[in-house]
Structure formats: C-alpha cells, structure tokens
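In the two assemblies presented below, chain A is common to both, partnered first by chain B and then by chain C.
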Partner chain A sequence: MKVMKKAKVEKVIEALAKEHDVYVPIQRGAQTGFFSYRTYNEDYDDIMLDTLNVYQPPKSIVFPQTEKMYGFKSEGQKINIDQVFEESEPKIIFGLRSCDLKAIDYLDELFFTKSYEDEFYRARRKSTVMIVNACYNPGTSCFCDSMGVSPNEPENADVLIHDIGEGDFAWEAKSDKGEAVTELIKDLLEEQEATLPTLKNFKRKVDYEGVAEKLKDMFDHPMWEDMSYPCHNCGICTYMCPTCYCFDIQVKTAGEEGYRFRCWDSCMYREYSQMAGGHNPRELDKERFRNRFLHKLQFFQERYGEPLCTGCGRCIVVCPAGVSIIKVIEKVKEADV
Partner chain B sequence: MAECNCENPLVPSMVEVVDIKDETPDVKTFYVRSENGGVPFNVMPGQLAMVSHVPVGEGMFSVSWQEENDHLQFAIKSVGLLTEQLHNIDIGQMIGVRGPYGNGFPVEECKGKDMLFIGGGIGLAPLRSFIKYCFKYREDYGKITIIYGSRSYADLCFKDELFEKWPAMKDTEVFVTIDNEEENWSGHVGFVPSYLQEINPDPQGLIAVTCGPPIMIKFVLQALEKMGFTDEQVITTLEARMKCGIGKCGRCNIGSEYICLDGPVFNLAQLKKLPPEW
Partner chain C sequence: MREITNQIKDIARKLFEEKKIDMFLAWEKSEFDFQSMPFFARSAEEVEKIIFDEFSVHNLSNALLRFRDGKQRIGIVVKGCDSRGIVRLLEDHQFTRDRLYIVGVCCPGMKDPLKAFRNESGFEKTANADLEADKCNDCIQPNPVIYDVLLGEEQPPRMQGERFKKVKEIEAMTPDERYAFFEDKLSTCIRCYACRQACVACNCRTCIFDESRPQWVGREANTSDNMMYHIIRASHMTGRCIECGECERVCPVHIPLMLLNQKLIKDVDSFFGPFDAGLKYEEGAKPPLSQYRENDPDDFL
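Moving on, here comes the complex of A and B:
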C-alpha cells in the first residue's frame, strides 16, 4: 500500500500546492477551518489532520460565502455585462472528513440536478480534488452513520487517506482525479505493508428511520412551539452547517461600474422570505425554525432522496441556546400524531 | 474568467425598453426587445422572468404578454427600491432579463373549457397572459368571464383592454369593480370576492383562474368552494420572495416544492397537499 509518512505530510502539501490551491484543516488562533496553504504561517498555524471536524466546514471552497457573479459597465442607457466570474483554478481540499464530503455531494445534487445547472458552482466544483481523511474513531457529537454516511468508506472521494498510527497515512487514489494528484507526489510516498484501523463504535446513535414520512403529518404539531422557544433565530447553525446552501443575490455599484454577487443567506432571518407589501409566509420565529428542520429532515428527503444533514454535529456545538437536531429527531420519533 | 455567455442561467440577457405605458399611478407596462430584434426567449402564459435594472437590483415578474417574436411585456408596480428605479427609466434604457421560469398556466388542459378569470390589482398582470392567449386561440376555449377589481378607478390596470377590447370579443363578459364609491363611476362597488358571489357563475365545465393579493385569493378560494367548484377546477398563482428563480437559493419553497420552478401556478388540489405557508 502507498503510505505518506508523518515527516512527509508537509512536503506532500507543498508539492501539491505548486499547481493547486490546497486547503488544509488548520488551527489559527481561536479559529479552526480549512485555510489555503498559501496563507499558512508556521509560527501561528497548526495543521490538524488528527482532529475530527474543524469548526468551519470546507463548503466555502466550492460555494464561497461571497462570490462575484458578473461585472457590468454602463454608458448612458447602454449597459454591458463584460465579465462573468466562473472561477476554475485547480484546488485540493486536503483532509476533509466523510461527513463534509457527503455535504458536498448534496450541494452537487442541488446545483446539478432538477432542471437548471449552476455554472458558478460547476466551475469551482469540477476543478476541486477531494482528499478525504477516513474516520475510525467517531467523536462525542458525531452521528454521521445514523444519517447514512460511511465515516471510513465514503463514496466519491478522489483520494482516501487513513491514519495508520504514528502520524503516518495510508494513501489510496479512488478516481482519475485522485490518480492524477497521486502522480504529482508519487516520489514522496512509500510502498509498505499497512493495516487499516477498525472503526470504533459511535457514541451517539440517532434513529432517523421513518422521520421524513412521519413529519408529513406534524406540520401543526405543538412540538415546534416548545422546541423553537429557546431559539434566537441567530442563524449560526446555518452558517456552520456543511449542507446549508441558501443564498442571496445582491449588487455592488460604484459610478458607472459594478458587479452582481451572491452570498450565503439564512432561513432563520425574517428578511429571507419577506415580500413586497409586507406579506411574509414565515413571519414568526417558530415558523422559520420549523422550516429549517423540515427542510433538512423532510423536504430535501422528498426532493432528493436523502436528508440534508450529515450528522457532523456542528450546529449542536455552536448553538448558544442549546437547540439540537438530535433532540428534534428524537421528539419526532416520540410524538403522538 | 469567462466571456459573457448567456448559457449561465443566472446571467441576464440585455434587452432594450422600446415602450413604456402608464397603467395606473403606480403601475407601468414595459415593452422590451433584444438588441438585435425579437424576444430574448419564448414564454408561455403564466411564466416568469427575472428583470433587472442592472446597477440597482433584480426582481421576479410575470411576463404579462409575449407579442409574437417581437417583444415581451411586463406590468410592474412600484413598491420599493428596484421597482421605483424601473419607473424612473426612459425608453431606450437597457435592462436585464433572465428566464423563462416556472410552469405557467395549463393552457392545453383548459382547451374546450369555459374560463373564469378573477383578478385583483396588479394580479391581472399574470392573468392577462392567459386571457390574451385565449383570445389569440379563441376557438379553443369556451365562454370567457373576467372579474377584476382594484382600490379605485385610477388603480385599474389595462383600462383599454378591460373596457374596450375584451368586452368586444366574442362570447366574453367583463365585470369590473372598485373598492369604494367614486364620482363618475357608475359600475360595481365592492370587493372582488363578494362581487364573484353576486355573479355566482355555474361551475359546470368552468375553470376558475385567480390572482391577486393573498387576502383576496384566500376569500376567492373560499367563495369558489362554496359555489361547488372542485379543487381541480380552481387554479391560482403564488408569490414568494425570489432570488435565483431556478430552485437553488431556497427561499421560495412551500414544503418540498419551489414556487419558481414547480409553480407559480397550482390548482387547489395541489395546494391542499402543501403546508399552508402562503
């Protein structure tokens, strides 16, 4: 088996970074997230291949928080769209986990299927190579296997790496893109015997079976009132979630020029669905709370055949009000309808 | 960086405003044509387009009519930032359009039926595309009844069609109402739903299509149900805040349906299966 020795990890990243913008899980001050290796500062940053999930998921690499769409120039009554910003620089996400890869599979479903295809997303997504770090020891807030994710044998990885102890990683190319990047660093890998670890038990189990179906009859259930009571509708869950994708489209104009851009939005905010004339289909905090969970657990399932949650546990950890998607699922299971 | 390619569904095509017509104090109809002539795309009645005054903003509007391969018409009410700026432009201005979006009215399924159109305020804009389609293919549709109301006489849209062209069409009746008494108005006074009940059309062989402010739609639907219309005989169009128009940005959902893609046109049977969030 090919093995990337601990001492070679940074060399591998450096070698890949010659032709790619490589995003690596990094601890930077109080933040953890996937940062471009171009911004790596060895005095301050720690590369975290042994951490399960960094706080900020890698979603923004294929679907940035703010993304320019097109630029325009006006001249009197004439307006010309003179640039379309489809960004396709080769990129690698190095060391993402299965749950975050699954989240990107869901973005693929959204942006590539059901009528129109999103060209801005396509340009970034097709130019990105996924080097996935298999999980064998699930964390305390992880429940990905309950949501249909395989932590150590993900589908759609380009390269799969496995921590085989002592900081060494077994390296398996899984796709043509994976073979191509492996070729770039083949001299840094060693051929040796390696046994892959065995997957440890999940500490947290969630029973999602039948939840989408049951929710069809729970739109008016009193549990939404109770569960949403502590929620501030702050939106942090939607920003930290690797699968949340709602976006806004806005324009920036200075004088005769400008550009239109899109940026993440949150279904937790009133403005999200506020209409001209004051009507809002989800005026109440409770209604927006309910829509978020129904979207994840019922609506996305109905439309795309899978739940819009990978069980990464981030929203539970970051919520200042203690709202938990696990508790929501449990309440649905318990509820009388 | 790519050259401007209009294959990208979120990038508009530029069109020229070739005419602007004042409908009411706050509604204007914009006639738009591609720079090299013709329409930027073909639309069916009830379909939508995202219209942008490019440096200002984008908004979703029903295409109120496609005149052959010549131009598209949008009737736009001034309610906020984008629409006020649109009202300030002059003929010759380039604006952006992308589309067509949405399912449109079931024009095929309605063939051979009598048609009842019930509109309020700017809600006549989408209905008009279907009404004019019925007149264009007049022999395909039965009797046409149009009930329309606005707050005042001045607020009635498309007056020349409403008072002259449409009543003169074969086998067509047009009923117009305004909310309050006015000097020089000898027509009906009262809200659309109650006028509908007075007219009391027989549901036999009739398809009702309604569009207007949410509160009007609500009472019209109740009235139609009382008169004995089945859920399949009642069609309405829904609105939601929209950004992408292509089922991606998330905000226009009701349940697992997106109004921009699966709507905006639904019959009552379909609506009753969805959560009551409209």
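Moving on, here comes the complex of A and C:
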C-alpha cells in the first residue's frame, strides 16, 4: 500500500500546491477552517489533519459565501455585460471528512440535476479534487452513520487517506482525478505494508427512518413553537452547515458600472422570505425555525431521496441556545399525530 | 446552586398555582452536563425541569422580545447583567413592568457551555483550560439591579484591575495600526447576525440590516461591507449596551465585539457621564443620547 510518511506530509502539500490551489484544514488563531495553503503562515497556523474536523466546512471552496457573477457597464440606454467571473483554477481540498464530502455531493445534486446546471458552480466543482481523510474515531457530536454516510468508506472520493498512526497516512487513489494527482507526488510516497484502523463505535445515534414521511402531517404540530422558543433565529447553524445552500442574488453599482453577485442567505432571517409586495409567508420565528428542519428532513428527501444533513454535528456544537437537530428528529419520532 | 435551583422552583410553582404568571423563563439541562439551555415553563408541572447552575450563562431578557406584543405575564430569572437587560427593555418601552415577575440571582460568575462543547468537539486543536465565560471577567454588576425577589448572597464585582484596559491599548495605536487591527479582525465575520439576535438592546422591529428598500448595507461578506455592518451595529449600541457580553460569546468566529462596545461605553461615560446603561430603572428617566442638551459636548464630531 502507498504510504505518506509524517515527515512528508507538508512536502506532499507543497508539491500539489505547484499546480493547484490546495485547501488544508488549519487552526488559525481562534478559528478553524479550510484555508488556502498559499496563505499558510508557519508562525500563526497549525495544520489539523490529526483532529476530527474544523468549524468552517469546505463548502465555501466550491460555493463561496460571496461570489461575483458578472460585471456590466451602462452606456446611454444600453447595458453591456463586459465580464463573467467564472472561477476554474485547479483546486484540491486536502483532508476533508466524509460528512463534508457527502455535503458536496448534495450540492452537486442541487446544482447539476433536475434540468438545471449552474455554470458558476460547475466551473469550480469540476476543477476540484477531493482528498478525503477517512474517519475511524467519531467525535462526541458526530452522527454521520445515522444519516447514511460512511465515515471511512465514502463514495466519490478522488483520493482516500487513512491515519495509520504515528502521523503516517495510507494513500489510495480512487478515481482518475485521484490517479492524476497521485502521479504528481508519487516520489514522495512509500510502498509498505499497512493495516487500516478499525472504526470505533458512534457515541451518538439517531433513527431517521420514516421521519420524512411522518413530517408530512406535522406542519401544524405544536412542537415547532415549543422547540423554537430558545432559538435566536440567527444564521449560525445554516452558515456553519456543510449542506445549507440557500443564496440570494444582489447587485452592486458605482456610477455607470456594477456587478451582480450571489451570497449565502439563511431561512432563519425574516428578510429571506420577504416578498416585494410586503407579504412575508414566514413572518414568525417558529415558521422560520420549522422551515430549516423541514427542508433538511423532509423536502430535500422528497426531491432527492436523501436528507440534507450529513450528521457532521457542527450546528449542535455552535448553537448558542443549545438547539440540536438530533433532539428535533427524536421529537418527531415521539410525536403524536 | 442546588439550593438556588430549589428556591427558583418553589417560587415558579407558587406563581403558577396562584395564577400570577403564564410562563416562567429559566434553564433546563440538555444532553451534556455542560449544556444548560433556555427553558420556557408553562405550567407548575414543567417547573420540575428547571435548573440554575454554573452554565446558566444566557441572558434571558433577550427572549422576552419574543413576547413583547403579547399579554402573557412572565416570570424570569436574571443574573446581574441580565437584570440590566430588563432595564433596557423597560427604558425602550418594549415591556411593561407589571407583566414581569423578576427573580434576581446574585451571580458568582458563569461558565460558558460553548467553550465546554468546543473542548469536546474535536473541531479545535487546543482546549480551553478554563471554562469561565469571558464576559464574566469584565463584570461590574453581578447583583441584579431590578427584581421582585432576590436570591443568593451579594457578590463583589468580578472585574479585576483597570476597566477598559483593552480599549486603551487600541486607543494608543496609530490610526493606521488601528485600521489594520480591525481589518484583520472584521474580515472574517461571516455575517450570521448572531451578535444582533442575541442582543437585548437590538430590539428594533425592522433592523437596518434587513431593510431592502433601500438597502443600507451591502450583503457581501467582505472587509468593507463587514466594517460597515460592525460600525453601524456598535454605534446603535451607544449608551444602550448593558455589557452582558452575549454578542461576543455567541460569535462563531470570535470577533471581539466587546472591544467596540466598551469603547462606546467609555466614551459615553466620559462625555455625558458618569453613566453606565441599565444600572438603575427610574420611570421616565432620560439617559444620555435619548435627549438633547445645549451643553452636550461635541468636540469629538
């Protein structure tokens, strides 16, 4: 089996970074996320391949929080679109976890299927290689296997690496893209015997079976109001979620010129569902709270056959009010309808 | 704290039995030992779930905004900082005193459930050794300033050393250094608006950041729009922030919001003071910046 030795990890990243913009899990000051290796600063940053995951999920690499779409200039009565900002520089996400890869699979479903293909997403996505770090030690907030994600044998990885102890990683190319990047660094890998670790038990489980079906009859259930009381209707859970994809399209102008951009938006905000005529179909906090869970657990399931939650646990950790999607699923299971 | 929990339960149970309240705001325990979360009891039976412990850090006065248009009579547990939040709501005419039954608890300092969960999560490389909520280290008023009943022993202020020390360090910087400092800090804000949502003083019905006709602040999460967001948010807190520290505590990317708030607290105090918002409630009182006086200083303009 091919092995990337501890001492070679940074060399591998450096070698890949020659032709790619490589994103690595990094602790940067008080923050953790996937940051471009080009911005890596030894004095300030700490690479996190040995920890469970990072707060800011990698979705922003293929679907940035703010993304320019096109620029325009007006001349008299005419408007000319003079720039289209498609971004297709080759990229590698190095060391993402299965839950976050699955989340990107869901973005693929959204942006590529059901008769519409989003060019901006396609340009970024097609040029991105996924080097997935298999999980054998699920954390306290992880419940990916309950949501149909395999932590150590993900589908659709380009390369799969396995922590085999001592900071060494077994390296397996899993796709043509994966073979191609492996070729770039083959001299840095060693051929040796390696035993893969065994997957430890999950501390968290939740039974999602039948939830989408049951939710159909629970739109007006009183539990939504009860559960929404502690919630601040902030957007932390949606912005930190690897799967949440809602966005808005807006424009910025200066004199005769301007550009259109899209930016993440959150169903937790009143403005999100505000309509031009003044009506708001989700005026109440509880309606916005409910929407977040119905979208994840019912609507996405109905449209794409899977729930829009990969069990990464981030929203549970970061919620300042202690709201938990696991609790919500359990409440749905228990509820009388 | 078990003693205080029992006292709170007794009071809440009695209030329900005597039909004096429709709802009681306190905390309940969630899955982990460190997970205390806001709880909204609506009957004497539900009172049994109530707890008050070292993780009861949330400022529940903010949750009252949810009920500002209702008629419910509400019992609520407040620590020192939270009680100043109640004063904020009364001064801002968001709530009337007669709808509230306030249980004040003298606060010995809280731990932060978010810190504890971060330690457990594996989403960070280094663990926080101490779980003390940062906001409690700057606390000047641990004892409630408004209450119907007071529990626990009066506590000394937890703030040690010089007040506004961090603010003074920033003031000592050159304008360029200061700009660079805030550019670095604010560029990573993800504009989730949690700092606004958790704030009791952010009680406008339609927030300027949600206005779309016209849109006052751009929605791009970049340095310039972020700075605009933060300048406006902070300046709307001038003379109004009650220093509960919730904004900074809830921020998922650790933006030092209290630095901005404290700068304004310091300025209001030195220009119009002595003054700290929400330290006492007097009906009809006009705190600084809620009225105009001819001799108001204006050399900072």
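We take it that the second predicted complex is superposed on the first by the 337 of 337 C-alpha atoms of A that agree within 3 Å, B and C clash if a C-alpha of one lies under 4 Å from a C-alpha of the other, contacts with A are read in each partner's own complex, and residues count from 1 in each chain.
The definition used in the following text is that a residue touches a chain if its C-beta (ideal position, glycine included) is under 8 Å from a C-beta of that chain, and two chains touch if they have at least 3 such contacts.
Remember, predicted model here, so these are calculated numbers, not experimental data.
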Check your understanding: Just from the overlay, do chain B and chain C fit on chain A, or is there a clash?
Key -> fit
Exercise for review: Classify the contacts of A:318 with the two partner chains as first (chain B alone), second (chain C alone), both, or neither.
Suggested key: second
Revision key, fill the gap. Expressed to the nearest 10°, the angle that the Cα centres of chain B and chain C make at the Cα centre of chain A is 90
Practice item. Scan A:27 for contacts with chain B and chain C and give back first, second, both or neither. Key: second
Exercise for review: Return first, second, both or neither, reflecting whether A:274 touches chain B, chain C, both chains, or no partner chain.
Suggested key: both
Practice item. Kindly classify A:239 by the partners it touches after superposition: chain B alone (first), chain C alone (second), both, or neither? Key: second
Review point. Taking the superposition as given, does A:141 touch the first partner, chain B, the second, chain C, both, or neither?
Key: second
Review point. Is A:300 touching the first partner chain B, the second partner chain C, both, or neither of them?
Key: first
Exercise for review: Once the structures are superposed on A, label A:78 by its partner contacts, choosing first (chain B), second (chain C), both or neither.
Suggested key: first
Review point. In the superposed arrangement, which partner chain does A:248 touch: chain B (first), chain C (second), both, or neither?
Key: both
Review point. For the superposed model, what is the least distance in angstrom between any CA atom of chain B and any CA atom of chain C?
Key: 6
Review point. Taking the two structures together, which residues of chain A meet both chain B and chain C?
Key: 248, 250, 274
Review point. Across the complex, what residues on chain A touch chain C?
Key: 27, 29-32, 46, 48, 51-56, 65-66, 139-141, 226, 229-230, 232-236, 238-240, 248, 250, 252, 261, 263-264, 266, 269-271, 274, 285, 313-314, 317-318, 320-324, 327
Exercise for review: Sort out for me which residues of chain C touch chain A in the complex.
Suggested key: 30-32, 35-40, 58, 62-63, 66, 113-114, 117-118, 120-126, 188, 190-194, 196-198, 210, 212, 215, 218-222, 246, 249-250, 252-254
Exercise for review: Could you pull out which chain A residues touch chain B in their complex?
Suggested key: 69-70, 72, 74, 77-86, 110-111, 114-120, 219, 245-251, 253, 258, 260, 262, 265, 267, 272-277, 279, 281-282, 287, 291, 294-295, 298-300, 302-303
Exercise for review: Please name which positions on chain B make contact with chain A in the complex.
Suggested key: 1-5, 7-12, 14, 54-58, 79-80, 83, 89-90, 92-96, 213-214, 239-241, 243-244, 246-256, 261, 275-278
